[in-house]
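Both of the next two complexes hold chain A, though its partner changes from chain B to chain C.
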Partner chain A sequence: MSVGMGRYLHCMRGVVSRELLRFVHQRSRFVAALVRPLIWLFVFAAGFRMALGVAMTDPYKTYILYEVYIIPGLVGMIQLFNGMQSSLSMVYDREMGSMRVLLVSPFPRWYLLVCKLLAGTLVSIAQVYVFLTIAWFYGIKAPPMGYVWILPALVVTGFMVGALGMLLSTFVKQLENFAGVMNFVIFPMFFLSSALYPLWRIREGSYLVYQIAAMNPFTYAVEMIRFALYEQLNLDAVMIVVATTLVLLALAILGYNPARGMMARKGGG
Partner chain B sequence: MREGGRDDAPALEVDGLSFSYSGKPVLEEVGFRLEAGQFTVLLGPNGAGKTTLFSLITRLYDRRVGTIRVDGFELRRHAVAAHARMGVVFQQPTLDLDLSVRQNLTYHAALHGMGPREARRRAEEQVARVGLGDALKTRVRQLSGGQRRRVEIARGLLHRPRLLLLDEPTVGLDIAARRDLVERVHRLCVEEGVAVLWATHLIDEVYPEDRVVVLDGGKVRASGSVSEILAASGGTSIGEAFDTLTTGPVEVVS
Partner chain C sequence: MPILSRETTAMIKPALAGLALGALALAPFAHAERIFVSNEQDNTVSVIDGESLEVIEVINVGRRPRAMAFSSDGSELFVAVGDDEAIDMIDLETLQVVRSQSSGEDPEVIRVDPNRPYIYVSNEDDNIVSVLDYERRTLVTEIPVGVEPEGLGISPDGRWLIATTETSNMAHIIDAEIMEAVHHRLVGARPRHAEFNHDGSKAWVSAEIAATVSVLDMVDTFDVEHTIRFDVPGVPRETVQAVGVQLTSDGRYGFVALGPSNRVAVVDQQTYEVLDYILVGQRVWHLALNADESRLYTTNGVSGDVTVIDVENLTALQSIPVGRFPWGVIVQP
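On to the complex of A and B.
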């Protein structure tokens, strides 16, 4: 039996609209997703403004305030948390069974998982644009076209952190273990990256931390977003992020493979 | 069109199915078949392997020996065709509580590749069939346990499957809701001509005209019509037969 292209699109539309509807119904989740980066921006960055001016580095054309520097990192943070949130919901869905509803659909499993990632990515992109709008009114303005340039960067980053979350969800069997994921994945990924300080500055502080940050894919996601926001293409960063995304995606799909995946290890009566 | 199937293929055919979990056998040489319009009760005590069997038939996991055919389509080789022909009601509730009945159903329709208009039409049709026609816009959270189950049954039938699988669907329902559900699905089975596999450990959910597969310790202890089961076990009621068949090492296969 062949499954036509139109049917694939219907399936994708269904998965995406469910995710958006759920998101609309969970207003507290939306507020939480925005409060986190805004606190960083208003409290942390404003406080360090004097202490941490950032010297002229690409892609910035002038000396910039720390608040300006931190914006792409906070955009990455929104997406990172969102990716983990959707993987959390996948563990929850699996315990609650709605992941099963998805997986008994006749569409190939890899396609269903990609639809799921796309849905989560779109939710995170909505959050990012609301955040950037608030930042704009606060006075942190990038070139207008930069807001268009970052869109593809946000899609790729959304898929990368989403695929990471999906992969983790195959390892995390119970919801209770999720706090561990926060501590051991989100925090190191965020802090050991160029989100808060440029790499050269980290290097002055600690060569080891610099080396870790230089190997952290999240650093490249942040740099890709940073350059895109100033209408530039950081090709190295794009390639690293795309490659990481593909590897994580392949592993996540493998993890959900019925023949060898984690689903098989959850026995039942 | 029917590359893997035959026209006279049973709705479900399980043959020589074995599955083990960390070295321990959960299912051993399980085999039975379901024809269209037949209501089959998969009867077994807790831990008999019923849910495992369902997970294998729905291909949530796949590390198994033996064959499973849905409407003639081997599950591994023709996963798409096989999945398109089965509807499932899982043991745990799987509806999105914050979405309306209609949104839940159209989501499922999309997962089966249906367009929005067809999805809405079928949602209305099926919801009316389970007697919830005026609840389309209601949030699932506001429905009772029995009503939620009926929505899940409507969902399972939305894409007009040949086979409807229900894994202990009456768990957690009160007596009236349970009786209502058992009655409804029996009726649907006849009206829709769909083959139903209904897992339970509750003997009073078996109707005299049903077919029964008794599963215990991962093995099929008996299968056939109620009278065949009675004859095989020497019991006078299905309850007695069930006790004889599931305790002790008796192996009766009709």
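On to the complex of A and C.
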């Protein structure tokens, strides 16, 4: 049993270190992953300073600047893009044949996919902490323990968006189709959520958009991160995100099942 | 066999005595301070517990309560109730209005003389400052000043009183010995508030429309020796309106409430440099420091709440909903 456990860990280490190595070697990817939210923070949010602050809303105990409000949303954005990037890499791996190497390993397929998700999540968490450090020096500071509490929230969110990316990668046959994923998945998920505006503000603007945002699991991921960053637990958000993660993961594992999933129909792998 | 040896008991006893002494020394701090907030449109005064930062009591007072001040002995809270043309007096034990004294027309700002049982009242419509004796319940005198007196400030020794007049745009310096305005100085447009520093050598006079604070020398010349200007980045200029002022007694910070810009400016009391702008609730009006000056409380008129600022870190900690249009705030140590 212990030997078996050791092998599992060895496999996990292999998948994770490959992903981390790939990330470290792709400096442009690292810079791009940071530049995107930083542009939002420095340009977009700074322009909204004149909005005279965002009214009191949980978990904040007083009025905040818009740039403070937007931080958890941008953290979610980093993880969302990273999850999609992972799915892109899976499509690439499949085209290049390295996916075949991974999937012919003797370990259960679900375990390999979970390892892959874990690897992507760790990469996204590294990006998030670098982003939060830059934000700290910019003057946006959360309570110190918030940076610890946020970690489990980042793991769960990383798995959720990673599992979504994995599921999507079973549908995307070629690398070129990834632009479609950007347009039809990332942007609606990000913009139709509480990442940029509080739900009450969206409701004032459009009830329909509010209803969509209230059903968007990414909203709950952002709120879970927001509350954790301010040392609070938003149990509803946690439950919704965990449930969504489990469903997406199950579908992704099913999708990668050669007998039943999409892979079988596409003849990929 | 005893549970503790004699040696152990001998060691524990002084430690316990030390703990007891420590508890006694801390006892005065255990009594939480209370923050009183006048709600202009609710005709109430909200009482906030300084420890839990929750509203623990709401006191019904006369119509349109605005400025507040404690009696010299600290037993009563005076509240100017403008539409009743009176000063309501709240017993700080029972938290009830126990008496009321006529104040002349439309009392807005009040100050209490540190040496005599006098309340100074600015009567906007009569262009006077009324001096009331709150023990004898009489009118002592009326001091003529400029048009529409508004803000009042009193020096720590009670020698000088400053009345600001919002149409004349002046600070009238009143000698409290002879009860007469002896100096008149032009300040920014619509002066609102006057506050002396700890040793009484300077007075800060805020101007709402000019968005400035004029610093007056109160030792020799009584002239404006410096003008502090405010410009909140990214906020329309017309929303920046200087109103309430508080100065720390260590000479470090000056805090200025900037009205609808929803900011409190932090100013270096020595260099007059604006160090920071702290975001608070909507239309911040007046300010109060607590006894040890670790916290600053702000009234936010439009959002109907009080923001608590941590003075050491210059950050807003929390905002507490109170009544409609909170105007004045004062802290009972």
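FYI, the second predicted complex is superposed on the first by the 261 of 269 C-alpha atoms of A that agree within 3 Å, B and C clash if a C-alpha of one lies under 4 Å from a C-alpha of the other, contacts with A are read in each partner's own complex, and residues count from 1 in each chain.
FYI, a contact is a pair of C-beta atoms (placed from the backbone, for glycine too) under 8 Å apart; a residue touches a chain by one contact, two chains touch by 3 or more.
Since this is a predicted model, take the numbers as computed values, not measurements.
With both complexes brought onto chain A, simultaneous placement of chain B and chain C is permitted, the two fitting side by side without a clash. In the superposed model, more residues of chain A are touched by B than by the other of chain B and chain C. Shared-chain residue A:Y8: touches chain B; no touch with chain C. Of the two partner chains, chain B is the only one touched by A:R18; chain C is not.
In the superposition on chain A, A:L102 makes contact with chain B only, not with chain C. By the touch criterion defined above, A:Q232 lies against neither chain B nor chain C after alignment on the C-alpha atoms of chain A. By the touch criterion defined above, A:Q211 reaches neither chain B nor chain C. Between chain B and chain C, the shortest distance over C-alpha atoms in the superposed arrangement works out to 47 Å.
In the superposition on chain A, none of the residues of chain A is touched both by chain B in one structure and by chain C in the other.
By the touch rule above, chain A contacts chain B in their complex via residues 1, 3-4, 6-8, 10-11, 13-15, 17-18, 21-22, 25-26, 96-98, 100-108, 112, 258-261, 263-265, 267-269.
Contacts from chain C toward chain A in the complex involve residues 233-236, 239, 260-262, 279-282, 303, 305, 307-308, 316-319. Residue ranges of chain A in contact with chain C, taken from their complex: 46, 49-50, 52-53, 55-56, 61-65. Of all residues in chain B, only 1, 3, 21-22, 26, 46-52, 55, 58-63, 78-84, 86, 88, 90-96, 98-99, 103, 106-116 touch chain A in the complex they form.
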